[in-house]
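We call the chains A, B, C and D, going by the order they appear; numbering starts again at 1 in every chain.
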Amino acid sequence: MITFDNVTKVYQKDWVALQDISFFIEKGEFVFINGKTGAGKSTLLKMIYKDEEPTKGTIKVLDQNLRLLKKKNIPKLRRKIGVIFQDFKLLQDRTLEENVAFALEVTNTQPRDLRKQMLEILTYLRLSHKKFSFPYQLSGGEQQKVAIARALVRDPYILLADEPTGNLDEKSSQEIIDVLLDINYKGTTVLMATHNLKLIRKVKKRMLRIEDGKLASDE
Amino acid sequence: MSLRIGIREGVRTITRNASLFIMSLLVTSISLFLLSLFAFVTVNLYHFLNILDEKIEIIAFLEQNADYEALESNIMKINGVRDVIYVSSAQALKDLQAELKETEEVLRVFESNPLPASLRIKLLAKFRNARGLEEISDKVMLLRGIRETIYGGELVDQLKKITGVITTFDIALLLIIIFSVVFVIFQTIKLTIFARATEIDIMRLVGASNTFIAIPFTFEGITQGIMGGFIAFVLTVITKRVAVSFLSDIYFPQGYFFLGSILCGIIFGIIGSSLALRRFLK
Amino acid sequence: MSLRIGIREGVRTITRNASLFIMSLLVTSISLFLLSLFAFVTVNLYHFLNILDEKIEIIAFLEQNADYEALESNIMKINGVRDVIYVSSAQALKDLQAELKETEEVLRVFESNPLPASLRIKLLAKFRNARGLEEISDKVMLLRGIRETIYGGELVDQLKKITGVITTFDIALLLIIIFSVVFVIFQTIKLTIFARATEIDIMRLVGASNTFIAIPFTFEGITQGIMGGFIAFVLTVITKRVAVSFLSDIYFPQGYFFLGSILCGIIFGIIGSSLALRRFLK
Amino acid sequence: MITFDNVTKVYQKDWVALQDISFFIEKGEFVFINGKTGAGKSTLLKMIYKDEEPTKGTIKVLDQNLRLLKKKNIPKLRRKIGVIFQDFKLLQDRTLEENVAFALEVTNTQPRDLRKQMLEILTYLRLSHKKFSFPYQLSGGEQQKVAIARALVRDPYILLADEPTGNLDEKSSQEIIDVLLDINYKGTTVLMATHNLKLIRKVKKRMLRIEDGKLASDE
């Protein structure tokens, strides 16, 4: 499903964010990515949806070599991947509902299915009462939930969750983890970057730990 | 993307960023108005030059007691002649006096009438140039009863020269203004799109194709063009109303101006938004 | 805020948002260029009208064998007279023939010379109107040896009327263009500031006073004005160069145009950014 | 130092975010504000630096009734308060260093003091090596640290920290808490909104808990 082969990422000014990272993630796996602030977790995820290019090495996602993927086909790749961005990346001029619907519309979902799927996920995350609110009218945690809803709603092949519980209280965090486990159970490959070791320990899944830009452990 | 979604997205793009849209619309309207205003001046200039052109004629002086009616019908048969008007000797003096009175009153000094009767020959448009004049004049000269023809060859040359200069100048100005207007509209649309660069980036990250992103903005560009063109047209009509009050003879083909404004608006809107989007959709 | 920080912040505002600055600068330049171009046309129009005005004169026809030299010096003493030129009878005929040749060649028919000698009286600028002409003409008529005076009262009226219409039209156009240009520049600056609304909000939350926020943007506005004015000036100079090649007599006071462009740029820049910022700094 | 007197905040659409909140915080206190997502923690803080107006009730900050505070004096109030925003609110067209310096420049700090204070805080938070990076070149945690540095650098009378550790790993979080305790020890009044109960329990300071928009406990 996802293969990293000796991937190195150097940002400008010779800042080596990741070095010689290799791993393989099978379809249906649930993997945590751990590492402290600035370790390179987000960078790793960004390379999967081709927001950043690796400086060296090969990345394969859904049987495609990303380096060979044509620009015009990037949207197609991204539509198969759900991403919960660390900084949410909500569309500021759209309501909560429209933000979630947007993720479905780009995939040409039929209006009928769209409404159904959307209502389902909003109810599930207890966001329905804020449906018509714009992002600036939401609390930090509510915004994060919208970001989660948007990633989940289209039942992606791969789900990338970058620190999805940073702004959520303990109870909500646990709920989100349960949602992720649930969607994983239904077949979606899940990668979740987090520094919250407590959560990871509870769940007992595979964990990639990044330290000083290198893969320190894979257990 | 279905048309329905395209339009809905476009409407949202406009309404949710109303301030941006209005600012950009105002710039577009004013720019198109300037263009329209200039077209208005140009049209009237040509209208005026056309009236001058109409005045080009050949004067054929008749011999004493020539049969002017026979001559008239003969001349009418010449290719390129549109009309022939007979001016008697008495009339000619009156005309000349009337005409010169305003410039040099010298001719009051005359005591006898030295002016012969004449035929004023009006030409079809495409003969109203030095060559056409000469050609027809030569043919007229062959007729019996004609003493002399004059056709102000130099006047025509002068007129054509002035028309040429004015036309060149006018076209140059028109090009400058068209260029400026297109440029300003383009840069303004770019600014409004730039202000939403973050939103566009997010759309791409969520998997929206270039078309999906472009359609609402293009829709916005077209809407802006149509509305801008309409506002420009209204402003031009107002200008025309005001102009009429102190310039009597004003030419204003309203229908063409309406269509022209709207069309220019649409074209500039499409071009502007497409070009502006290119930067973001590489 | 110290001036040093103000300038540094202004430079940062420009360099860190270079695309926005350049887009806005281009719009400003083109707008100011249109204004400058129009000023250029206007200046030349007035220049031309001035030359026509210079041609206004009184013609005093002399009696046979009048002492024109005595008359000349007497007329020179009249208040408002600038110059007197003697035209002999023979010269008058030549002039008339030369002049009319291009319009109506009728006068070739003359056999004797019916034209008297005359004095052409040039006036000081403020007497070049119907009243001034009449006044001086009346005084000239009192002198012995003058048969008649003519001064094309109607011509002057005509000229003044045309000048009046052109001036009104011109001022109207100038106002429209000034308004449009100011408006476009203003809206464009507003758009660039709008694009940074989030940044401005953050600055206010961190405790920046309105002045602290406004200074860099005003600095940007002024810089844009100066640069825009300069670019507009260069474009106008180029236009002038091109115009010279097919219109010989072109008037272009370069210094004034330079100062004017830069000054307009600065003024519009300051006004534009101040007005635009008002929305954000309530 | 900070007095809330029967403060109610109703957002448009009749959404009651806070209801009849009253409390008093003395100079030099350290207070946690706890409550789950959407409880109204951020709203409470926003009213202290006059970003939001209470619908009813009176708020006094630094002996000033905020309702009577003139608009032109708001910047003066804000300069005395350091805020760590939940969404960071970094200036995107400024480098890390410039973002921090900006907070000092608005207070007319002398250039010499400015450099000194800035270097101190950047070194302290281990951000010096990223001094010339723009926000988009920083990881989530690094951005949060910049937000913290900016709030701390001008030694405010009051420090408002809205979920300051949401993007930080455990170790960094602990460090930040230590920094806040330290600055509090030096005399600054600190209010910290968080849902991280673990942190709160460790520190043992006064805690205001908000539940359903009401003050549920004050201990």
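Heads up, the rule we're going with is that a contact is a pair of C-beta atoms (placed from the backbone, for glycine too) under 8 Å apart; a residue touches a chain by one contact, two chains touch by 3 or more.
Please read all numbers here as calculations on a predicted model, not as lab measurements.
Listed by label, the chains that touch chain A and also chain D number zero.
The chain with its Cα centroid farthest from the Cα centroid of chain C is A.
Here the CA centre of chain A is 61 Å from the CA centre of chain B. Spacing of chain A relative to chain C, judged by their CA centroids, is 66 angstrom. Distance from the chain B centre to the chain C centre is 24 Å, each centre being the mean of its Cα atoms.
Taken together, the touching pairs link the chains into one ring where each has two partners. Counting only pairs that meet the touch rule, the chains in contact are A-B, A-D, B-C, C-D.
Against chain C, the residues of chain D that register as touching in their complex are 49, 51, 71-72, 74-79, 81, 83, 85, 89-94, 98, 102-103, 105-108, 150. Listed in rising order, the residues of chain A touching chain D in the complex are 11, 35-39, 41-43, 86-87, 137, 139-142, 145, 162-163, 166-172, 195-198. Taken together, the chain B residues at the contact with chain C in this complex read 19-20, 23-24, 26-27, 30-31, 33-34, 37, 41, 96, 101-106, 109-110, 114-116, 150, 152, 154-155, 158, 165, 168-169, 172-173, 176-177, 180, 183-184, 187-188, 190-192, 194-195, 239, 242-243, 246-247.
Residues of chain C touching chain D in their complex: 1, 5, 12, 16-17, 196, 198-199, 202-210, 212, 282.
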